[in-house]
Amino acid sequence: MSIDAIALEMRDITKSFPGVRALEAVSFDCAHGEVHAICGENGAGKSTLIKVLGGIYQPDAGSILIEGKPAAFSHPVEARRAGISIIHQELSLLPHRTVAENIYLGLEPTRGGRLDRKAMMEGARRLLGRLGSPISADARAGDLAIAEQQTVEIAKALALDARILVMDEPTAALDDTNAKRLLDLVARLRSEGVAIVYVSHRMPEIAAIADRVTIMKDGRKVETAPIGAMPTDRIVRLMVGRELSDYYPARPDTPPGDVLLEIAGGGNAELADIDLSVRAGEIVGIAGLEGSGKAALARAIFGDQPFTRGTVRFLGAPIDLRHPRAGIEAGIGFLSDDRKREGCLLQQSLRDNLLLVRRAFASPVRGSRAGTLADGEADTMMRRLDVRAAHFGQAIGALSGGNQQKVILGRWLARDPRLLVFCEPTRGIDVAAKAAIYQLMRDVAARGRGVVMVSSDLPEVIGVSDRILVMHQGRIAGECSPEVGEEGVMALAVGHRPAPLDVAREGALA
Amino acid sequence: MTLADTLPASRRTRRSLPVPLLLFLASAVLYVGAALYTGQLNQLGASGLVGLAQRMVGLGIVALGQTFVILAGSIDLSVANLISVSAVLASFVMQGDPAMIAPAVLLVLVVSAAVGFVNGGVVAKLGVNPLIATLGVGLILQGLLSASFNNFAGSVPEAFQGLAYGTIGIIPWSVLALLALAIIGALLLRSTRFGAHLYATGGNMDGARLAGIRTDRITILAHVICSLMAGLTGLYLASRLRSGAPWVGRDGVYDLESIAVVVIGGTLLSGGRGGVWGTLAGVLLFATLDAVFNMLGVPAFPKQVMRGAIVILAVAAYAIRNKGPVA
Amino acid sequence: MSVAAAGEPKWNGGMSLFRKINIAVIVFVILYAGIAILQPNYLEPAGITNFLRRATPLAVLACGQIFVLVAGGFDLSMGALVTLTVIGGSMLTDNDPGNTAWAILVLYAIGLGVGLVNGLVVTVLRVPSIIATLGMLLSLNGVAMMWSGGSPRGYLPDNFRFFGRFTFRDVPLVGSFPVAVVVLVVVALAAWWGLQKTVFGKRVFAIGDNPRAAALSGVRVEATRIAAFVISALAAVTGGILLGGFGGVSVDVGSGLELQAIAACVIGGVQLMGGRGSVIGAVAGALTLFALFTLLNLLGLPQPLKDTAQGVILISAVASGAWRRRRAG
Amino acid sequence: MRRLLLGVVAAAATLAFAGVASAQNFDDPKEFDAAKQLLEMKPEGPAGKPWEQHLGGKEVDTAKYKKPGPYHICFSNAGVNNPWRVVGWTDMQAQVDMLKGDIASFTHADAEGKDDKQISDINAFVSSGKCDILIVSPNTTAALTPAVEAACKALPVVVFDRGVLTECPVTFVNPIGGYGWGIQTANFIAEKLPKGGKVLALRILPGVDVLETRWSAANRIFKEKGIEVVGAEFTDGDNAKTKAIVEDYINRFGKIDAIWMDAGATAVAAIEAFEDAGQPYPIITGEDQEDFLVKWKKEGLTAFGPTYPTYQWRSPVIAAVKILKGEPVIGPTWKLPQPVITQETLDKYVDEKMPPLHYAMCGCEDMPGYPEKWGGKK
């Protein structure tokens, strides 16, 4: 394959946010007809780099050259005009609009000043066909499954017919078949001379498709090298910056205690036939692809999206988890995977965030300190959690993800539930904070509490869990021990192991 | 906002209710029922129905404009004041002189557009909450206007009164104008890039920005359209009332009523979904209520109570299906 | 990133003190200085207490409205409830001082009912509060008129009017001291305590900031929201009792007060759509607004320019707040 | 954007000046003189029934409207948005009851103070074909003129209170009006005021013609007599605001000797401001609202109660029935007498059993349902 002219060059890009240096003098380039993969852990700065390229953030320092010419983007529209198309990790579809309208958002074809709906529909169908997707172009985006929405996002990027295509974890929500199809498409685009920046956590994909790899860590570029010089284990080592073994806390020798939670035949619109038990002192990992029902399972255990079928026993007694409050009252805690929308009270102080759960159950008319924790205690707790902030009266919104997560974890520790459900506990968190969170989870378990950890991050699931349940299509596809490794878990997750019959997620497509 | 917020847990496909049609049917049933009940069969004849349509014009035009800003995720509380401004401006500039019609109309439209531009700019560029921004601009307008004029100012020439009183056959011009504006509005929303971008701005501001849409400009343009519609309402009122007074907009409660009919018409208060036909159906419901209350001879005070309850229930009828947090 | 903190930053110069003081307080002091220059008797104790007395109803309304605003909603029905209170007060007392006590109880019960309905319409029927309370505004105006047949049927007895009108004479130091100012202090302290010093208040902030996070943490979002509307309605009744006491019966005392109360809060730094605000700010905002009205009256500016000035102050208060926040990141 | 803002402000400022120049003429010497003449006239008509009396005027022939009864009367009301209109509306309904034998139905539409709605209401009445005659109480004069003109073509019309700019109604009933009010009140103050006394004028709001003319006439007399008016302030009809303004004036001038009001709604609040400030009561002109009259009697004020009598709501119903019977009525303008309440006649009008915002000059004492229908107690 011939790598011709450099399509994109970013030089010494630096970007800071209050309290965080997200990028520090990062340089990066990509040629026409090249797939340049960026690897790095969450929080390594990949997404920030892409947002700078897309004109969403303006860099504090550094320059961008497109086709050798300097460019500065103050608005996404300018990046698009420069021929850059980005598939963002965060979905940005309009739920009330049709697929075709979403695909052509900002690029609507017109004829004589009027929207050419026919062209939009046809174009949308063509693009979806190219992606091999059966999605109807006039369906409302809000009615689609997450994976389907991801497909629409990709179609949206393709519609721009860009010379530079940036894909931020495009296969995260796709099953194997669709992921394979996407990789074929990437290869085709490459042969058409498109410069492709490809961000992914999936090592096999990178090995299969990338021409060069850039490793990022803690906002810096670690290394750029051709894929031939980068075997997967080296990539991982560079990403993590140390051996995986000392990254995860040691597992205890003691066997787990009594059964805390027992679910039999649990099901709802997204789940079916869930049989599951969690014991005191153990960490149960739940893995699965996006849309496999692992997030739904966590929410069902907590009572946010309750089971409609089956029985749940907690601490030996039957319990009706119809509402989060019921779950909390029984002694279950829940850390959402969406810290911003479901976790933080962004404008409130660290103390107020920490005390939220305690306050939800305190007497309302007593002083805000009564029945909760004194400010001093809250502060002590945050110091113990090693929350780093200017002061604890500061609004939580200004903190980095890791520190936010520690405060929210503290919110639950302040109530000390018997069972804690973690959803993607380290999403968007830097490495140091990750290790700290893992240790905290282990500490919780060591105190005789049960921990359920739902995560899309396979190494994390394997590194932290005592045993692993793998979800596939709304059911538990199987249970395995961490020793089976990533391949073993993945095999279950994609349904390669003889899966229990062919089940549709009931109601999901109704 | 992400899709996750708007998607119910159990992603049941919920088709949106055909709000415009339901409102239209409800209005028709109410109106015909009241006419039959009171034996005022004349109200079912052409002149009765034309009268009903005529009741829609003033609120209808301004509500069309309000639809645009609400779709964009903003809101406009200054329309009532702007209506007064444009009505007064029109009749003051015209002073009964037919030659001044064109300059007066032009001036009104320019001033309206400028007010819309300021509204949109304060919202989009200064980041002021649209309720406060437009409330403030409305207060400023009202103050300047009332300081300058304290009664009906000037008058409109006979020719200009044709706007409100002229007819084609038996159908008044103004009703046709409302219909035409609604069709233009619907076309704008459905068949132009601006329309698509407006829905995107109101539905998912960040997503729209990522798609390369200049959401600031869209917001400002929506406000300009809304203000122009308020300006047109002012012109219509000046024509219908023969003159403009600094209180015509406020007395008409066009600010709150236009918001109410837009929301009753199925447009989301947070933006991104809805359209002009729903709004027009909401206006029809309000006009029908006026007519029906008159036919039934409902006293003024119970009428107020019922209207308040109807506003709440009409919105509740479909809002109750909404699962997201409401404040 | 800085190191783990030991606590609040210590005083580091005048700038931080300046930033800590609510901007409405500063604007108020400037406006009041202007008033005092035009009419020096506003600096005498009696002048000050008299000013406070007049501003009390608005400040009380702001103290109620802030709960709904911080919870992320609006209460547009306040003004109509003030009117209903005054008219209802005259209907219930029927000019008999013996009726005052239970009449006031009934009025608060009505307020409780109105607040509950507002809250239930928002939480159960899921109608956005701006529409819900707008509907309530229309209905309450109608109810007040229906009840009285269009015009109040009785006078408000003197003991009903005590809170809004009576002034203690010959009080040491200040000379005269209106009862309304006592009410203001009590209400403001209660609101401050309730919103900023209780668990309940913290929940109000939580549901205004992020209702979803609050619900997932076990906060009863609906109940808290309903309570906020109830508090707002009870404040409106209090405001009505004060206004009726100060001025006697009339039929449109309350019109427009809801927007003034919201404006007062906003000037005082309360954030629309919830999550941020302080009672001190709301009271200072009310005093600022009232000082502005007074100043414009004293300046003899044309009456309507009062609206204009109010609009300018509103927009600049919010714009400067948005600007300061954006700069702070 | 800043430039645009400036442009808008500049345009508005220009208009502000233009506006002052264009203000409608509320100070018409001719009208002033006409009112003066009317005040001196002796009312004709049945004694003790001022709503059937008239000041001058001629009878118009109504034979062409003659119809067999009973009649369907329709009434387009501007609104019942203030106590004065509420009392009047009650008067009107009672008058309809009194003429039950002649009236088969009485349908009304309330425009809620909206011109636009009232135009539609009138059109709906005309197109309903159910009205034998239409009574209109216009919300504003100019705006309702076209609708009334259109109605005149279809059926007889009676207008009262505010007028319309057309002579097409069979008759337009109203009292002497604002100039008369201004003359009566200002003369009273001129007579009672000590030399060099200070007068504070309290007005409701600007721009309403009936109120503007009251002020212009009064101000003309104050000027003629060299009386110092220390201020003219708008109260919005708001009690709290009235008190605040009066307090400020008392503070600023030390003493205010007289209060002139263009409407009495907030008279008691103004008086209370003097009480609260520990000042002696001023000379005051209010209106015929009961709360003012009661206060006047209780405190022995030097006061004066001009009226814009609510009994004028009775006359149009009487006229309507007469017209449909073909009996002549006074027209095209029918001026009603505009009595005042003085110290001498005070006792006749004070009635503690009536509600505070009741207008004593309602002419309703002999009507069925009095006083309960008006909110009073027996």
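In this document, chain identifiers A, B, C and D correspond to the written order of the chains, with residue numbering beginning at 1 in each.
The definition used in the following text is that a residue touches a chain if its C-beta (ideal position, glycine included) is under 8 Å from a C-beta of that chain, and two chains touch if they have at least 3 such contacts.
Just so it is clear, the structure is predicted and the values come from calculations on it, not from any experiment.
If you take subunit B and subunit D together, the chains in touch with both are C.
The interface with the largest number of contacting C-beta pairs joins chains B-C.
Taking each chain's centre as the mean of its CA atoms, A is the chain most distant from subunit B. Averaged C-alpha coordinates put the centre of subunit A at 72 Å from the centre of subunit D. Centre to centre, using the average C-alpha position, subunit C and subunit D are separated by 35 Å. Centre to centre, using the average C-alpha position, subunit A and subunit C are separated by 44 Å.
Put simply, the C-alpha centre of subunit B and that of subunit C have 30 angstrom between them. Among all residues of subunit C, those that touch two or more other chains are 145, 150, 212, 215, 303. Multi-chain contact residues, meaning those touching two or more other chains, occur in subunit A at positions 341.
Listed for subunit B are residues 144-147, 300-301, 303, each touching two or more other chains. Pairwise, the chains that make contact are A-B, A-C, B-C, B-D, C-D.
Subunit B contributes residues 40, 42-43, 45, 47-48, 50-51, 54-55, 58, 89, 92, 111, 114-115, 117-118, 121, 125, 144-155, 161, 165, 237, 240-243, 245-248, 251-253, 290-291, 294, 297, 299-301, 303 to its touches with subunit D in the complex. Residue ranges on subunit B touching subunit A, taken from their complex, read 2-7, 9-13, 16, 187, 190-193, 195-197, 199-200, 203-204, 206-214, 268, 272-273. By the touch rule above, subunit D contacts subunit B in their complex via residues 1, 4-5, 7-8, 11-13, 15-20, 22-24, 79-80, 107-110, 112-117, 119-121, 123-124, 127-130, 140, 142-143, 145-146, 206-209, 212. Within the complex formed with subunit D, the residues of subunit C that make contact are 39, 41, 47, 50, 54, 57, 90, 145, 148-155, 165, 167, 243, 246-253, 294, 297-298, 303. On the subunit B side of its complex with subunit C, the touching residues are 122, 126-129, 131-133, 135-147, 256, 259-260, 263, 269, 300-312, 315-316, 319-322, 325-327.
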